[in-house]
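These are the structures in question, set out in turn.
In what comes next, subunit A is part of two complexes: it sits with subunit B in the first one and with subunit C in the second one.
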Partner chain A sequence: MSDLKKTILDCMEQVAVIADCTLIENISDDTVLLQSGLDSLGFAMLVAQLEEELGTDPFSEMELAVYPRTLGEFVTVYKNALS
Partner chain B sequence: MTTLLQQLDTFDGAAITLPNGDTISFSSIVSVSNVLREEIKAVATKSADALVNNSHQNDAETKDRELPFSSLTEFVIGLLALEGWVEEFSILSDRFIYSPPSTLGEKSAVNSTWFLFTSGTTGKPKQIAHTTKSICASLRLRGHSKQSCWALTYKPSKFAGIQVILQSLLSGDCLVDCSSGSPDEKVALLKETKASAISATPSWWRQLLMTNSIDSLNLTHITLGGETADQHLLSTLSTCFPSAKIFHIYASTEAGVGFAVSDNKAGFPKSWVENGVNRNYLRIKQNILWIKPWFDAARLNNAGAIECDDEGYINTQDVVLVEGERVFFKGRLNGTINVGGHKVFPETVESVLLSSPLVAQARVYGKENKILGSVVVADIVLSKPPANADNKKIKLSILLYCKTHLDRKDMPTKINVVDTLALSDSGKLVRATS
Partner chain C sequence: MNSIVKSQKKTVIITGASRGLGLAICNQLLQENYFVVAISRSLSSELSNLCDDHPLSIAHLPYDLANLDDIHTLCKAIIEEFGRPYALVNNAAVGHDGVLATMHNSEINSLLNINVQAPILLSKYLSRSMMLNRTGRIINISSIIARTGFSGLSVYAASKAAIEGFTRSLSREVGKAGITVNCVAPGYMQTEMTSSLQGEKLESVKRRSPLGRLASPADAASAVLYLMSEQAKSMTGTIMTVDAGSTA
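Let's look at the complex of A and B:
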């Protein structure tokens, strides 16, 4: 597992606690984000936490709104933003 | 009727202490104000004569006149010269604007109408009319006691500033201008001038509490106003200054002073909604507090300047929550953050953050978000950051603390630790949305 993906999964777990959500087990690249257990508020918190960890918020910096559907796509957005 | 200037005639001693320690006596203030009155009269007489003798009178000579001020002393002298002498005057941030007196030659005082401007915290500043009586109604005058030195923390031109200035002057107390400078400079000035009474916003008090030498102050009178006073702050002040009387005041430029709460508890008694308080009447409609002041604010002002109902109750735009026998403030109606359709009151979130021992100051605001419209963000100043503090861990523990006190959608999505929070000219937190 890449460091980036591990950071994102760790943050998801932390946000789940703060945002009072329960994550599903065995989250993989193909997991549909909105079925991961985090709701829209949870994702807003996740993006804020990741900005803290990674120093970037690709969603506020993107001119076009891109909504990644799966965890794999979500990780790719961050990977591209950091490259 | 007696003008404010006449009321100071018998006082002696210092009326104002300057930052350099020099003082200005009541007698100097009275005599300079009287000279200024004569000058205003002379200019007005000259203009009136010119009007009679010259039909091509320049319009500029009959227009409203300006009286600038750049210090507390100049403000006080200007105010005393105009009040009871001209029929109308407006108070701007750096000058008075007045109509030339029309009762030249008459000795009796006039009932001046004052025009003040609201701070415009959450909207455009509005011009609001008052009379000397409505301005002075809530002052607690004790005669010439010379027991207090009042610190002015508000701009002199604002309603709250005028209250402090008149409270001090009309009691024969001394006034010191503490409206500028860093918190440490303010404490040094308060200490040097032996200030014993301070009226300030909760945000101002929080900044002061973060300085190291606040214990050296000997305060007997503490007033909070302009923002909601939370329980944590009231309790902290009460512990720091056990012999001080603590009031939190509910007032607005439109309705004047509504009431003062003195039981060291946040909110106010529900019985005041049922029975009225301080000659004012209160009403809660759809969770919004409406107040009917004892004076006819609606009649004093132009139609539309103040939003009031048929019975004269003014819409305060403050949202309240009744819990048992107490009424608590939730926040400003037009200051909410829209999180996916849910309205979040920044003041409510701030109040929870401030109740955490880790947080000394907090500012909550909305940040644009593509999914939810807005999300809640908090800037905080830490109480006493330990050396090598891990901000990540601190933020996490504050978020977990918030979770136990807030609804999900009220939760901050992000917390930024900052060194200071900016206050506006009126001493309130600056509430700009980023």
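Let's look at the complex of A and C:
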């Protein structure tokens, strides 16, 4: 597992506790984000937490609105922003 | 910055801090032991004096909210330097008066950017940090004009009605994260922004008020401080009117 993906999964776990959500088991690249157990507020918290950890919010920095569907797509957005 | 002193205080970010109501809010926040991040285009002598008197409790950041594109960078810098904020007071506003039919489009655009889009973007980027703390306050400064109407202030009125609608819906969105979102709607106050209201028109506003006077910036600031407090933890999505009864 890449360091970036591990950071994102760790943040998802931290945020799930704060947001009072329960993550599903065995989250993979194909997991649909909205079925991961985090609700929409939880995703807002995840983006904020990742901005603190990684120093970037790629969704605000991109010119067009992008909504990744799966975890794999979500990780790719951050990978591209950090490359 | 003395980090020990700062760490004991809750950080409040306020826009339009250099004069009028913004300055009155800064004064009261400092009295109540908050750490204040005061944003304004320029540093007025009054705000400068406040910074000199409270060097460990207030920091001034010069920023023109007409620059919407860099608001994300501004918020990021604030969080990096001062930590996650406890509260945001969206106070900055412009109030060009004039008949709509002859108001230049650039003025309409600029008013809506500063009065509506800037507070929305600040709320977007700063509420996310409040969510991680599971607590926060967003206080938007509206105006009685949002509901009463006043000839020559149609665009300003539209911007304030927008802020009230924004407040109600955002309060529903972020309530689960422990963040309250409210408005304070002052009536006419004697500030630079309302300096065009003079003479008989001003006397008429005073006469019609049940209390026979205008509310002061300090009166409206007290309402902001209340909404900021722990005592207001169960108030969200509301509009608090402070107008000496003018709209009663």
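Everything below uses one rule, namely that the second predicted complex is superposed on the first by the 83 of 83 C-alpha atoms of A that agree within 3 Å, B and C clash if a C-alpha of one lies under 4 Å from a C-alpha of the other, contacts with A are read in each partner's own complex, and residues count from 1 in each chain.
We adopt the following convention: a contact is a pair of C-beta atoms (placed from the backbone, for glycine too) under 8 Å apart; a residue touches a chain by one contact, two chains touch by 3 or more.
Keep in mind that what you see is a predicted model, and the values were worked out from it rather than measured.
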Message = With both complexes superposed on chain A, which partner does A:Phe59 reach: first (subunit B), second (subunit C), both or neither?
response = first
Inquiry  = Quick check on the superposed pair: does A:Ala48 touch subunit B, subunit C, both, or neither? Answer first, second, both or neither.
reply    = both
Task = May I ask you to decide whether A:Val17 touches subunit B, subunit C, both, or neither, giving the answer as first, second, both or neither?
result = first
Task = Please identify the positions on subunit A that touch both subunit B and subunit C, taking each partner from its own complex.
result = 18-19, 41, 44-45, 47-49, 51-52, 60
Complex contact set, residues of subunit C against subunit A = 72, 76, 79, 125, 128-129, 131-132, 134, 173-174, 176-177
Inquiry  = For a test of understanding, state which residues of subunit A touch subunit C in their complex under the given definition.
reply    = 15, 18-19, 41, 44-45, 47-49, 51-52, 57, 60-61
Note = Within the complex, subunit B is touched by subunit A residues 14, 17-20, 40-41, 43-45, 47-49, 51-52, 59-60, 65, 67
Residues of subunit B that touch subunit A when the two form their complex = 339-340, 368-372, 375, 377, 392, 395-396, 399-400, 403, 408-409, 411, 413-414
